[in-house]
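These notes are about the structure you will find just below.
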């Protein structure tokens, strides 16, 4: 499989230059990077954790190899030996050709799932370094078109899919009609600002409805913001902190404008990573609010006894942990607590939690049309896992994962529906008189 | 001037000697295996073997351990030539300990011989040449007035 | 300088000083390169601590997770075998302890020599196996650089020369010991400038990893 | 090598012994002792007897240069053969400062006479190093003649040269750093004659007599190692033949001279024993009629039979420990390295920071151009 | 110019000694003593581990093989104030004692006897008469006519072989030989017996020190541990061996050495009238009774006798830089402060300067005695040239009223019908050596008994570990290690800095005795002794010179080993 460079513009016309890229690479090198490269022994164990390698069998997808441009710059400029070699002109240079070649490795064949970072014997955080490498790739103009498109749309329209508030408003109206509940919008001083992802809004409208019902049931003070509803961050996926910071700033501005105490990240993995972990650093200061994933909030409500469910799903359910949520953010037990509320026949995939396998779509792979074959290949890992435990349905809590699971299972003709955990919870809420509930809510 | 000297006092201190005569540092055991092979050779082909114990790295207790293990047999002989040489059959028939000392009693060599009779015990053919002459001389000295050989 | 004793004294004297100098200079530089770079401030709200998870990872990363063990049993078993063998031989062979004591003033009890000898033999076999693996496994073959083979050769020669010297297979002994010390010196000299650096930086790398994940509430 | 042809009237050893009343058994015993002394297997005794039957006394000239007379003293401790048997029955010691009756001119005359009478056939024994041809000849003279001149003159007619003691064999103590007198070994100077090195400080007495006995018995020199030492005595290291070796193998070491380990006879490696790198016969022949040897008496081997043993690290420093002040280098270089590393990293960081200051943020407009 | 006699090499000594004597008719008018070999051991010692110093220093001499090693060890122990365990002190005393007796017996029979004994004359002895003579002087068992007959036969066979070996070119038949053939035969027999005996005597050092020559020592005690239950330590078996060696030594001294000395000396009364020389004698003292180094407990006392005045003993302080000084005005060295200055060993400095200081280019016939003529320095005590050695010690003991010494000296003088004045002579020196052997060998039994008693009392300590590690040492320290070596007062001075040897100096007995003239032209002991009433019967066979020189038991390698300890500079001198 050969990489198809996406950089179609001629170098002269492009604002992105090799120098700009190298500077971006350079800016990303810190102590951990130096420690990691100093420690790599070329053992190849990282390959054994990468679905892209495991399912293609092509050794070029070995994770550590994806970092070669970053490593070369570190070796040449950040080490004594490199400086000495540099005086003699012995250092291997990072070239445009090289970066062109590496574009596929850094974008198409990496979902930044972070599993390699967890198995590397010397402790190299490879995923973090892929993230860093993408900064250089963007600045030098070596980025897949799909990701550029998503980024441009996200900045220009507020959503990577071009979704507008009016579309969402239609959906809100529909929910209010069907549930008889009010979806609070721009409620200043609410406890929670709920963020959404475009994919949910478009593909899984039941999510918003579920939230509306659960929060109503639990008496949670929450709101949406017309100023900003999109939590996903194409800047993280493409790997550019300028774009990412811009998008994070919108969330922060909305939350600050409404004066909320908490922001809830939707059932979307990278959105959580973006606003929970990277956000404050992108804008260069701590938030005046807390950030939670919806699953965290639901589990808190459960623990507080504010969610009462009835009935159990009787078919065999299994759970897919989104990488960004579980491995990269430590939200692992919460979803299991919630599953225990409603699933009578819950079966774990063999490797789960922090050692779960990626669906293959994260890290912008799903926005990168060119990577479709790789994405499907990588999914085979998940598929094999699912086949092992033969669930009737899969449960997850990330729209990207859910889409990938649905598409992938369908691709392999497997009749296993995929549901979101939040909706599942909503389905089992104990019914109360709406009035009573409304009183409690006010 | 007094020519006396103090007598050798008895050994001044009591020692707890381990049974067997001394500690084995490891090499004595290997020798015993070699002795065993030599004995088998002696039985099957009649070939005699000599082992020079002096050339082996024995610890302080090794030799005592080895000789105690081999034990003491029936024959013991002392040859007085250039100092004493003691020949001692061990409790293992055919295994002899031949201990050569110089005139001052310092050991020259210590051999284990695996043979029927150690060579040094046998009468030396070279000296038989002079046997008759020596006897004649002595006879002559013993006979008043001198005597001629009987033949 | 063809004389074995001259050779031994050269390796025990000037060359050793040189090797130690280059090693100390290089290794200190390497570690400072890392530490001076440091980390950028992190403004996100921490879910867990850093120090303890970092230290925890320094230890736990030595043991492969079950999935990796299942998928790369050779790496795990042989890697363990020869690393352990190397460390045992290096740190628990009496003459090495004496050397370390003279350099650092630290000392500890050693292992019986036959144990070390056996461990060394196992290490050698394991090292050969790693080379075969490196040449035959598609990933390892793909990611291997000349440096990997150089380092393998040095490590192998180092262990082999020690084994030959201890078992007195090369004679005279001053030559054998001198060769072993020379191997150790070359090893020390290249250590800071090759992947051998990981002997020291692995602790830093693992700590950074553990701290980063630990901050996010994950035991890595 | 042709030897012993000069004096056809001289009687063989067996006959000489018989004349002072030594029996055939005594002779055989002498042969057994000789075999043991030459470190030859007892199976060689008949061959030794046959050779000694005919052996005549070779002329031996013993030159002493930069020495301490320890080697001669050692020779007199030999009990098989004894020094009196050696000088009366086995060799003709025609020049030897410490033992000879003559002095001054008479002594020199005896040497010159022996060299003339036995030209090409005498054994030349040397103990002590000597100032080399480039050193001041005044550093060591005998009868007004420099050691170098005397050696070269005596070597000319020698059948072979035996360098007794580490000084003669390898330069020894006088050649230890900084070698103030420019001392060299015999081997450094004698290239056209066979040289046997009987090293040791001093050599084991039976090794000196053993080499002489070998020459006497077989009329030739024994097989030598690469240092020209007789393999029969220097073929194995002290360590390989040490009775304390099992303790080394078990990892049991004396830590000091009077601890329980020292009393129990544990290995002396940690006290600096140079046994592993020292090739000599002490462990089997032992010293002073088998009375003891250094390790048996609790002291680590100094390594005295090896070249440059004086400069091979402290006598109480384990063999594996470097001879130089490596830990000082470790500290100093570590400090320098730390600075260098810090400078490199800081420079690289500085550059990255400078670039960050003038960094052009990526904009959507730029990205759009790529589409 | 009148005739100059040169004797080089002086044989039957340790080392390389040359004597030049200026004749005045048949009399020796002046003599010069020259050590002709140098090695530079003190320079070699610089920068090394002080704990290693003994091994280097020991190789100063292989004959008095123990003394330099022990003096070196003691210098370090003095510098660091290390206390010795009692057992270690007693074992060292036993080793020193064995050294004395071994050395003195070998000197008498193998180095000195042939000056008095005509080996060739022994061929004409009557074995029966020899036996009668031997039995008349001693109860020694080997004295039958058959024994002497066998010895004579062996000698005859040897001489008839035509290869005289070590006896070739001796001054046989020289008119100065006075012994009757029977005494010569007896002495020759004892020459051979002593060779055998000394091998046994040397075993004592091997038991404690691993080997002889050059037994091993350690700073802080002895290397051999004591454990009666171990095969690898000093145990009952080894102690019994020690006892048997001591017994054999005592027997030989009592029954052979002492009687032989008296018998031979009886034939040479005139040699009690020449060959003394200086009349000044010095001892450092030695052989402590206990573990402490308190001179009051020494068997050999410390002090100086001047001008043969036995009534006044002057005190000696090794650390006082005005007392012991070395001069190089007639040696092949130079001092920075000028060749006529004197330096105490702590400040000792020496620069090899053969060509610059009067060395004659080899090969040479004659030394330039107006300038440097030896590798020996000239040590002086408060400016006095002094003699050290057995005569000094016996005089010191005698002057202090040591009972056994008085008894032995008086017995000797009575037996030989001599006055006390006869002690100050060539044979007085030789006799003193014999008598002190008797004193020491008797004392050995006492040390042995004390050692056994101490072990029985439960004290097995042999080594003081507390200051073994150089990390425990002060940054700077200096000490003097002294000994009464068989040949006389021996001192090693060490300066330690940062755990390494900064300066090392040895001033040895033969430097005192064989040293050259000093700046005020006072001769050394040899030179003075040779100028004391010596006539040569035959200038071609200067046997008389050998007699007096040998009476000192020269040990020249000891005396010449000095190379610049201050700068460590190696001076390259190209010979034009």
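By written order: A, B, C, D and E. Residues from 1 in each chain.
By our rule, a contact is a pair of C-beta atoms (placed from the backbone, for glycine too) under 8 Å apart; a residue touches a chain by one contact, two chains touch by 3 or more.
Keep in mind it's a predicted model, so treat the numbers as computed, not measured.
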item	value
Partner chains that chain D and chain E have in common	B
Interchain contact steps from chain A to chain B (minimum; 1 if touching)	2
Highest-count interface - the chain pair sharing the most C-beta contacts	D-E
Farthest-lying chain, centroid of Cα atoms versus that of chain B	A
Chain whose Cα centroid lies at the greatest distance from that of chain D	A
Distance between the centres, which are taken as Cα means, of chain D and chain B, whole angstrom	34
CA centroid of chain A to CA centroid of chain D, Å	76
Separation of chain B from chain C, taking each centre as the mean of its C-alpha atoms, in whole Å	59
CA centroid of chain A to CA centroid of chain E, Å	95
Residue numbers of chain C (touch at least two other chains)	26, 29-30, 33-37, 192
For chain D, residues contacting two or more additional chains	79, 82, 244, 265, 289, 296, 317, 340-341, 344-345, 348
Per-residue multi-chain contacts in chain B, two or more chains	59-60, 104, 106
In contact (per the touch rule at the top): chain pairs	A-C, A-D, B-D, B-E, C-D, D-E
Residues of chain A that touch chain C when the two form their complex	29-36, 38-45, 47-49, 53-54, 57, 59-60, 62, 64-65, 78-81, 117-125, 128, 276-281, 284-287, 290-291, 327-331, 351, 354-355
Chain C - residues contacting chain D, complex	3-6, 8-9, 12-14, 16-17, 20-37, 94-96, 98-99, 101-105, 110-115, 168, 172-174, 177, 192
Interface residues, chain B side, partner chain E - complex	1-6, 8-9, 11-16, 22-23, 59-61, 103-104, 106
Chain E residues touching chain B - in the complex, by the definition given at the top	138-139, 196-197, 199-200, 228-229, 231-232, 235-237, 239-240, 243-244, 247, 250-251, 254-255, 258-259, 262, 411, 415, 445, 452, 455-456
Parts of chain D lying in touch with chain A, wherever the complex brings them together	340-341, 344-345, 348, 351-352, 355-356, 359-364, 366-371
